[in-house]
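Each of the two complexes below includes subunit A, the first together with subunit B, the second together with subunit C.
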Partner chain A sequence: MTTLTAKASTARAATPVAWSGRATPYLFLAPYLVLFCVFVLAPAIYGVWVSLHDWDFLLEGRPFVGLDNYTALFDPSSAVYADFWMSMRATGWFTLLSVPFLVVLPLGIALLLNRPFRGRTFFRGLFFAPYVLGVAVVCLMWRLLLDPNLGLVDWLLGTDIAWTTSLPWGWVALVGVTVWWTLGFNGVIYLAGMQDIPRELYDAAKVDGAGRWAEFRHVTLPGLRPVMLFVVTTTVLASANMFGQSYLLTQGAPGGETRTAIVYILDQGLGQYKMGSASAMSYVLTLALIVVSVINFRLFRGRS
Partner chain B sequence: MRRYTVLVALAVVFVAPLLWALGTSLKSQTEATRVPPTVWPAEPTARAYGTLFEGTTQTPVLRWFANSLIAATGQMLLVLVVSSLAAYALARLEFRGKRVMFGVIVGTLLVPGFVFLIPAFLIVDALGWLDSLTALIVPGAAGAFGVFFLRQFFLGLPRELDEAALMEGANHWHIFLRITLPLSKPALATLAVLSFLSNWNDFIWPIFVIFSPDYFTLPPGLSILQGAYTIDYPVIMAGAVLASVPVLILFALTQRYVIEGISRSGLKG
Partner chain C sequence: MQMSLDNLTRRRALGLGLGALVLTGCGGGGGPRQAPQQTATTAAPTTYTGPAVSLAFWNGFTGGDGPFMKRLIEQFNAAHPAIKVTMNVYQWADYYAKVPAAVAAGQGPDLGIMHVDSVATNAARQVVLPLDDVATSLNLTEADFSPPVWQAGVYKGARYSIPLDVHPLGMFYNKTVLSKAGLDPDNPPKNGEEYLAALEALKKAGIQGHWATPFPFTGNMQFGSLLYQHGGQLFADDASVSRFAEEPGVQALTWLVELVNKGYSPKNVGQDADLIALQNGKAAFNWNGIWSINTLRAVKDLEWGVAPLPQIGAKPAAWAGSHQFVLFKQRKPDQNKLTAAKVFINWISGHSIEWAKAGQVPARKSIRDGAEFQALKEQAAIGSQIDNLYFLPSVPGIGDASAVVDQAINAAILLKKSPKDALTEAAAKADKILEQNRKKYGA
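And now, the complex of A and B:
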């Protein structure tokens, strides 16, 4: 439909300019913009409205409560305070524990895979393969592998650790499984970054008599700074968004300590139908993430 | 040689769990619960797959497989159409508000994806789409990644071709269809695969917008399976295999494209 109109409006203006009909760009954009406005922009704005109400999905009356949903989050005597901050702490812990591994290990693997050698594409594919699987499959598999009675992991290690139901092992399981699952993604980003570092820099380092380590420190690492910023930013965002692993692998066990903020928020909103309160929590989480991102950008910019 | 030793050791860590899951799906229930556990089935059997495909009204696994296929393919086609049109305008046309619009669209890539899930749920409910395949196909196509990815690719195509075509009286619709799209096959293929993968694997959105087993896709279906056949590990692993094999094959076939596409799109701002 849209495309037909686009044709009609541009056919007349056959002049060699960068654009023909005034409406043409908007007609090309229209289908996407409709989706974007309804499913991205509208929810972002509507969420603020919801957060200002006592919004129960199942009830008719949704009284306006102003900032009550927000103040409750900062009031230690409120019903949600303890659980919300415990979940924020869990998200913080998960991010703090997983990001260093997801930044450093893929870098090591990318270094191994960077030089041309036989089977490079094959290995690249192998390390990336788990990333192709969904969180449901990954968690189902690892729940059984980590089972204290039947699991292969405890048997191979000769231990009987309750990986998914005790602390600190729950964190080890969540971080370990996440690293196994997503490490290939960051590895590929690093590989692309390494290919963009000019060869001359390495040749110059050789002339200066730099060894492998000096080469890595003075050429590779500085060359990867923008890539690192990208990797750290996307990994922090992904870790702070963590839902599936906590929901499926540890189910928040032992006592809610490994239940992340997203799991808690979605349970409050879509499980308990307290959508106003849950929306307020989403914005608090988003704000916290924006602060972290700004600090992250500052750190990387400051050093260059 | 040292490189290979390290790589092979690492590769085992990455692949062994996948092979083990495949092996477990071929075990009998007694073998799957034997202590000490066996790594590979001693007496392989396809029983788990039989049980899985039989299904029940609560666990119609083949139906889930079909739903996954319909949802992922449907969304992929929608993403390709709307993203390529929008990306063409953003890469090739001049108009008022272009910078702001692009900024807003790309800005959403930086916002944690799940924070708007509750209002998005309310909107889907208002549209009457809850518990339908439409809810699995349409809202997810609004993501900014496809537009951003294709715009970056379109920017790299030679402009002389467009200009020559415009001189000859072609309009932008012709250029888009006859020049831009044919030259962008690798980018379109990459986006198609990435879009398919993410929809096929999505777990969080379907568990909230779908209520009846008939409309589930495989990932939420797997979590029901776990409850329905509580201790039947081979059946559960067979489900995991069923959900993974299509995407692993798809990935193996398109590996170069996908890895290249991911690495390029993220970096070239």
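And now, the complex of A and C:
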């Protein structure tokens, strides 16, 4: 009976089954692929086209300007040169300063929160809690707390530091607030990663006489390598895309030095309606990020 | 005034004088002015007799002003059964990004509000419709408003907006703090000499009287006011070049920076800290927008007052913004909606005394002169500056060029650059932006 139906169905539907068999992966891919093409790939390609024009979506004339939008970025006498590179520098500084903290601190916290102790869930919640706040709430709150003349932080520390209007304190404030706000997210990822490391490895390590540090070096860290790659890559990209903190906490003070590339690009494109120029800038930024990501991948692959 | 090549071509493009006269604003006080000639509209502006229509009205009144506008609209809807106005409120920044996109997609609202310095940009980008016929059919003329407010909505000889209000800067002061320093709390300083003397007295009493804020709110408005007081301008009338780095600009910014250097202001004033300091009794004065009235009124036990800005320079002047009504371009223009919109604009304008209570100066002269407005003591004090207000030239993209001033002021007040260097650098940048914009908008 079973063999019969099976035979019959194979006989009848031989081709479709084979076809749908081959199509299966693509069918699974399809929803994402469609979204990717429509919302990422097509706009990305369209963006290249836009960047070659003096583009305003409402104006009739969108003259083709070739590579002018790009060359302007490398021409010190253009209107955008100084501001663009200042904003790129700001993005670079922020990324460089924030990523180490955002990678290492959550790891330490995850290690602590992974040990059994009373109130563990409470502390897990505590560290993750700020992450659920919106960027506007976080920044308005800290802007008042860090106010150079009226803020609680200076009062508590007994200092006179201009956290939001001077350098390098502006960077300390931006990085500090960002770490406080987002470290819970990376912490949760690390925690999940740690729980995926097989218990037997720790047992084996113990049998071999490994101490806590050796356990961490030879079991936990290697076990977390893929998670680390994920955390480092996404954190670098997130830091390089930092927007709200610069926009709300320091407003670019002093004199635009803490205005990140994304803030400047947004202002060019949606504030001044210079979409061609803004697109060119975002491609330069993208290129820089691709280079950083590739180096990143290489480093992690090299080690394993 | 200088006659640039650009100005000449524009004149030629506009034909005879009138357009250019209005456009460049060089008519001064005495020149004859006429309302631009347009085909007269027949519909009576105050009544609407057509079929029922609904109007989508978008704006950015997210603050305390939102509920006042909502109440006005409810009253309007109740009085006009055939017209149903619905209001959508966005953050201003979102609004200016969203509205052009919506209009381009054919999904734009029927009418909205724009700040006066955005009108020309949106006119050039064909987001908003020319409104000369609305002004004509409503019998609105310059005499109903005030010349700078009324002219600010004109681009290339055509009117694109109808003023609702002006919101100037005023000088808010803390009476308790003034008394503490032995100053008369009911007679705040009126000129530069008195102002500096007051600051000196405050300093002796251990109070930093005027917190110089490096942020656009309201540092650049204070700078602009002082610049015009010293006889300067931010831009040439036709926006061919920037002029804020000239002598009056340097004087204006130096005056603000000196507040810090002389210890009348703390260093590194944070965003909004100047207004908070006034409320906390840490500062005596704060030059801030009229919108602060309701904020301060909500602070318990605060003894405060507001007066026109003191005259530091050779003439009185104050920064002001203005909310103006605009109609948006539609794929299929609907005559009934247009008429209904006119009725709405006229009605709100006529009832803007309610709007004044939200902390605004009505643009309409008849309302400003009325007893009811004069009874709004604070609003009236700030409103008395109406003839000394300045606006940016009505040129597309002018906001892009004026934004670079923000950075210069920030760097100078934070003592990172000298006023002259900061302004000169910004001027070079602004001139390039002005040139780009001329190319882009074909002005």
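In this section, the second predicted complex is superposed on the first by the 258 of 304 C-alpha atoms of A that agree within 3 Å, B and C clash if a C-alpha of one lies under 4 Å from a C-alpha of the other, contacts with A are read in each partner's own complex, and residues count from 1 in each chain.
We take it that a contact is a pair of C-beta atoms (placed from the backbone, for glycine too) under 8 Å apart; a residue touches a chain by one contact, two chains touch by 3 or more.
The structure displayed is predicted, hence computed values, not measured ones.
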Query raised in the report: Which partner does A:74 reach: the first (subunit B), the second (subunit C), both, or neither?
Result: neither
Report task. Report the partner of subunit A that touches more of its residues: subunit B or subunit C. Result -> B
Report task. Scan A:150 for contacts with subunit B and subunit C and give back first, second, both or neither. Result -> both
Query raised in the report: Which partner does A:64 reach: the first (subunit B), the second (subunit C), both, or neither?
Result: neither
Requested in this report: Look at A:297 in the shared chain and tell me whether it touches subunit B only, subunit C only, both, or neither; answer first, second, both or neither.
Outcome: neither
Requested in this report: Kindly classify A:25 by the partners it touches after superposition: subunit B alone (first), subunit C alone (second), both, or neither?
Outcome: first
Query raised in the report: Touch check for A:270: first (subunit B), second (subunit C), both, or neither?
Result: both
Query raised in the report: Which parts of subunit A are in contact with subunit B and also with subunit C?
Result: 57, 149-151, 270
Report task. In the complex, go through subunit B and note every residue touching subunit A. Result -> 3, 6-7, 10-11, 13-15, 17-18, 20-21, 24, 32-33, 35-37, 39, 81-83, 85-86, 88-90, 92-95, 98, 101, 104-105, 108, 110-123, 138-139, 141-144, 147, 163, 166-167, 169-173, 176, 197, 200-204, 208, 218-220, 222-223, 226, 233, 236-237, 239-240, 243-244, 247-248, 251-252, 255-256, 259, 262-264, 266-267
Query raised in the report: Okay, in this complex, where on subunit A does subunit C touch?
Result: 54, 56-59, 61, 78-79, 82-83, 143, 146-151, 162, 164-166, 251-256, 267, 270-274
Report summary line: In the complex, subunit A touches subunit B at residues 3, 6-7, 10-11, 13-20, 24-26, 28-29, 31-33, 35-36, 38-44, 46-47, 50, 57, 109, 112-113, 117, 121, 123-130, 132-137, 140-142, 144-145, 149-152, 155, 180, 184-185, 188-189, 191-193, 196, 226-227, 230, 233-234, 237, 240-241, 243-244, 248, 262, 265-266, 269-270, 275, 278-279, 282-283, 285-286, 289, 293
Query - Residues of subunit C defined as touching subunit A within the complex - result: 93, 96-97, 100-101, 103-104, 121, 124-127, 211, 214-216, 266-271, 273, 276-277, 280, 282, 397, 399-400, 403, 407-408, 410-411, 414, 416-417, 422, 429, 432-433, 436, 439-442
